[in-house]
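Here's the structure, in C-alpha cells; my notes come after.
Order as written gives the chain letters A, B, C, D, E and F; numbering starts at 1 within each chain.
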C-alpha cells in the first residue's frame, strides 16, 4: 500500500520532518512518500495561507492519482482543502487534525490542543467542532510562536510547549494533549515523557489511520458530496464593470 | 463608497447577472463594480471547484485594495474563501450565503434553502450551521440542475424552483426561501410573486449589507484571526521522498 | 423610507440619545423618528422590566403602522418583544442585539459582549445563542452598573467599559466588542479609538440593517409565525377559585 | 401549601378547566386556586398574544405574593413571562411546557408535542430547545385548530388529536405525547387510553411539580437573574422626534 | 404509594443517610424504603464502579416489582443504569442527577455542580448535557475528596464544600448549587444556610419528583426504548479463539 | 501485537462471526483472539441487556490484562461499558460504534446507520451524538429484526438491509452506510457490492483502528477519567428499611 503525505506549504524541511515521523510508525510493507508544492506559502498561518496552498496541494493529489497512490495524508493541522481533496482522490484522504482528534476522543475523555499562533485558535476550534469534539476538547491553546520558529529554535518551542501542557493539565483537566501543528511532530515523544500525559501528533495519527482504512478496504465515498469534480474549462473573459 | 463584487468562477455572464442584481438595489451614491478571475472553474459545484477559485478571488481583492475598494461581496453561495478574504481586505467582506441567512433570520423564524446540485447540500448545511442558523433553517433542498443550466434554460430552472418552493412551504413549514446559488438571482422577484413567500437572493442581501456596514463605519477587525496575512515567500524546493 | 426607533423604557433622555446615534449614521434620505412609551419602567434590567415594557412598545408599533412607518428598531439590548413586534409590523423589525451580533459575526470571528448588570448576563447569553452566535461569542461580561448610571456618570461608565474591554481582549481573545446596552451608544466611538478593537453599538447596527432590508425590499414574512395576530377581544370575567 | 394557577388569557372557562385538572391530581392538603387577568387576549396564539398577557399575569402574581401564595403555575403552553414571573415571586413558578417536557424526559426517551396552530410550532420548538430537550423531542406537531375551538368542538379536537398521535407514533417513533395547549387538558386521559402511549398534560405535570418543589422546601433563587426587580417609577415624557 | 430508594453501592451507612434525607421530605402517606446490593463496590467513583453496581441495582428493582413498588430512586449522582432500570420497572425511575438538574433549571437560570473526585467531572458533564442543561450549568466542580471520606470526616467535607460554593458564586455566577454526590445529602441544609444560595440535594429532589409523577399517574412509557427487556437465557459456551 | 475481541453477549456463534471478520482484515503479524462471557444475555437489545453484559465483559478485560493483551475491541454496536473498559485496560479499547462512526466521518460527509430493533434507535442516536457525528449522521434506521434472527435467517436479513439501504440513499442522501449491529458483519461486502455505497462494519473498523493506535504507540490515558479504578471491597450488609 502506498500512502502519500503532502505538506501543503513549500518548506521542504517541514515535509522532511513529517515524512520522518511517518516512517517511524508505518508498517514494514507500507510505502510512504511525501511532497510539497513549490509555489505555496512557506508556512500556513491563517485562512489566506490555507487558501493559497490548496490548489498546489490538489495538484499533488492529481499527480498521486496518476501514479496509483492509495491514500493521502494532508500534513497541516488546519486540514486545508480536506473536503476538496476527497473529491479528487479515489482512496481515503486523512487530515492530521481530524485524525488526532479521533485518537484523542478514543484514548481520553477530555483533551486540549496546543498550536502555534493565537490567530489559528478560532480556526482550530471550528475544525474541532466540525469533527464533533466540541465537548471533548477543553481548550485550544497557543504558544504564540510562528510556525517556522519551531524549526529555528526547537529548544524554545519545547520549553513553551512543556509549560503550556502543564497549564492545560492544571487548568483544563486535560487528559491528553493534541499538538496543533505538523511542525511539532518531532517533539511529541519528548513532551509525552516529560509530562506524563498522552501527547498526540497528527502526522503519526493520520498515517496509521490511513493504513487502517486501506487495510479494511475503505475508499472515499463517491456518492454525492465527494464525487469527482466535473471537468470544466475555465470560461473566463475578464469583466470589469 | 465603492463596493466590489467578485464572482469567483470564470463565467462572465454570471458576473454580469450578479452585477445587474446589485445595480438594481444599490443606493444612488454607491459605486458597485464587478469582476471575476479568468483562470477559475466555469462554475462552482463542490469543494474542489471552490478551492480552485479562491486564489483568483483573493487576487481580485488584492487588486481592489490597491484601488481603494471599500467593501467586497463574494458572489457564490458557498462563500468560498470568505475567511481568507477577510484577512486580505481592510473593509468588510460579505458572503452571499451569510448575508442571506442573516436576512432570513430577521424576517422569518423558519426558512429553507434551495440550491442547484445535491452535492452542495451538505456544504451549505455546514455553512448554515457555522452562521448559527441550524435551528432556523428547516432544510437545504436541491433542484438537481447544474449551475450553468440556470442560464441556459431559465424557464426550466424557474419551473423547478417554483415546485421546490411549494414543497418547502408544505413540508418544511418554510416561512422564507433562500436561493442557494448566485445564478438564481434574476429569478428572485418572479418566484416571490408567484409563491407569496419572501424569497431572498444572496447578492441583493450582501450588497445592502455591505452598504450598511460601510455606512456605519465598520471595517474588518484586524485583531487576531482576520489580521493581514504575513508576507511570506514561497520557500519551496520540491521534495520527493 | 421611514424608520421608527422605539426605546421600550420610559426614560426620554435615553430615547434622545438613541435617536442621536441613529441620526449620525442614517442615509441622507432616510427619515428616522423615535419614541418611547410613557408607562413602562424607567430602565430595563431583567425579565420583569422587559415584560412590562412590551405592550407599550407594541402600541408604538401599531401607531407607526397607522402612520406608514417602513421599519422599526427596538432600542433595548434585550430585544424585548422582538418576535411579537414582527407579528404586528408589516415591514422589518430589528432588534439591536440581533443586529449587533450579526455585524460582529461578519467583521470578526470571536467577540465578547459587555453589558451593565450581572443579572442581564444569562438573558443576553440566551439571546446570543438564539441568534446562532454561541460559538462566536466568547463571553458576556457586565460592568455592574445600573442602566441609568450610564447617563448620570458617563465618565465612570467609560472607565469601567475601557477596563472591561481590555480584559476581554486579554482573557477572551475578543476580536470585537459588542456594547450590551442601548445607553452605551454615545461612548462607542471613544471606546473604539481608545482600545483599537472594533466596538459595535446595536443602535447604529440596527438602523443600518433596517435601511439595508428596506433598500432591498424585504418585509417581515407573514407566512406562519410572524402572521398578523388575530383580533381578539379580551374575554374575561375574573375567576377566583 | 397554596398553589395558585394563572391562566394568562382572559377566557374564564379555560381557567376553570385548568383548575379542574389541577384539583384532580393535587394532594388532599394542597390548596389550589386559579385566576386569569381580565384584560388580556381571549386566547394566546403567538408572540403578540403572549406579550399582551404577561403584565396582567404578573399582576396576578404580585397579588398572590401579598396573599401568601407559595407557588405558581402558568397555565399556557408557551410559558409566557416565565422568567419575569420568577423575578416577581418568592416561591417556585412552574411553566406547563417546562414541566411537561421534564416529565416526558423522565418517562420516555423520545417524545412528540402536539399543539393547536402551526404558528405556535417554532415558538414551542425554541422552548423545548431552551429546556434542553432538543434531542429528546422528535417533532412539534399542530392540528391546525384555534385554541378556543378546543372548547367549542371538543369531539373534533379529540378526533384530530387521536389522528395526530397515531402519526407521531408511526412516523416519529414517539414514546410519549405532550399536549401542547392548556386547553387540551381535559382530553388527556381519554387520549392516553385510546392510543396506549403516555399522554402528558402540562397543567397536571406543573401542579405536581409545584407540590414537589414546595415539599422539598425549594424557592426561586434570588441570586442574580431571578432577583426581585428593582422598584422603578415610569419616567416617561413622550418623545416624538 | 411506595417509593423504593436504591443505593447502588454496598455501603449501608450511605443507604441509611439517603433514606434519612428521603424521610425528611416525603409526604405523610408515602412509604419510602431503601436498600443496597451487597456485592457492589463500596463507593461509585467512575465508570467501572458504575458498571459493577448496575446488575445488583437491577436485581433490587426486579425484587421491588415483585413486591409492588410504585417508583424508584437511584441514589447515586452518576445515575448508573438509569435507562436500564426504566426498562425493568413499570413505574417511574428517577435518577438523582436528572432530578436535581431539573430542579436547578426551574429555580435558577445558571447553576454549578460540586462533586467529590475530579475523575467524575467529565461523567457528570456528559450527564448534564444529556439532560439538556449544557447551557444552564456553568461548571462541574470537584472538591477532590473520595466518596467515603464524606462520612469519615464530614467537617472537612463541609469546609471544602463551603469554599467551593463561594468560588462557584464568584467565578461562575452560580445562582444555585447542585450537590454532585448522594453522600453530601445531609450537609445540604447547612450549606444553604451558610452560603445564601439554594443548594439542591438529588435525593431530596428525586423523592419529591417520584411522588409528583406517581401522584399524577405517570408510569414509564413501555413504547419502544423502555419496553420490558425480552427474557433471554444466557446462551453461552465460552469461546477462546 | 495482541488484540482481543470481546462479544459482550453469550452467543458463541456471534463471537465466532466477529472473529472471522477480524481475521479477514488484520495484519499478518497481529494476533487476534476473541471471547464472550458465558453468563450474559444471548443478545443485547436495549439498556438492560447492556447492563447485564458489562461486568462479564470487564472480567474478560481483566483476564486479558493478566495475559498481556495490547488492545480490546468491544463487539457490540451499543458500545456497552466502553468508558468502564477504558478504566480497566492499559491499552486502547475500541467500541465498534465509535470506530464505524469515525470511519464514516472520514470517507463521507453524510451517512445513515441501520440497526436491528427500533428500540435501539434512540440509544444509537445518543451514542452518535456523543461521538460528535450528530450533523454527519442523517438518520438511524431499524429493520425491525431481532439480533439473533440475523443468524437464523441471513437471507431475510440481507433483503431487509438491501431495502433499507436504498431508502437511506434516496431519502437521507446517505453517502455511506454504517451497519448498526455486530451480527451484520458477514453481510457487509455483499451489501456494498449490491448497493454501490460504502458499507461500514464496526468490527472491521475497530480492529483496524486498534492496530493503528497500537502501531503508533497510543495507550489509554490514565490521567483522570480513565485512571484505573481504585480497588474496593464490597462493603455491604443488606439494608432493608
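Things worth noting here:
The working rule: contacts are C-beta pairs under 8 Å (C-beta built on N, C-alpha and C of every residue); 3 or more make two chains touch, one makes a residue touch a chain.
Treat the numbers as computed from the prediction; the structure is a model and nothing was measured.
Under the contact definition stated at the top, the chains bordering both subunit A and subunit E are C, F. Listing every chain that touches subunit C and subunit F alike gives A, B, D, E.
Comparing C-D with the candidates B-F, A-E or E-F, the pair whose contacts agree for more than half of the residue-numbered pairs is E-F. At the interface between subunit C and subunit D, over half of the residue numbers appear on both sides, which makes the contact a same-residue one.
When the interfaces B-D and E-F are ranked by how many C-beta pairs touch across them, E-F comes first. Here the CA centre of subunit C is 42 Å from the CA centre of subunit E. The distance from the centre of subunit B to the centre of subunit C, each centre being the mean of the chain's C-alpha atoms, comes to 28 Å.
Among the residues of subunit F, those in touch with two or more other chains are 83, 86, 109-110, 118, 121-122, 126, 135, 173, 224-225. Those chain pairs judged to touch are A-B, A-C, A-E, A-F, B-C, B-D, B-F, C-D, C-E, D-E, D-F, E-F.
Across the complex, subunit F is touched by residues 109-110, 135, 173 of subunit D.
The part of subunit A that touches subunit B in the complex is made up of residues 7, 9-12, 15-16, 19, 33-43, 45-52, 54-55, 58, 81, 83-84, 86-88, 118-119, 121-123, 126, 130, 146, 224-225, 227, 229-230, 232-241.
Across the interface of their complex, subunit E is touched by residues 118, 121-122, 125-126, 129 of subunit C.
Those residues of subunit A that touch subunit F in the complex are listed here as 25, 27, 83, 86, 92, 94, 98, 102-103, 105-110, 131-136, 169, 173-176, 196-198, 200, 204-205, 207-209, 211-213, 215-221, 223-226.
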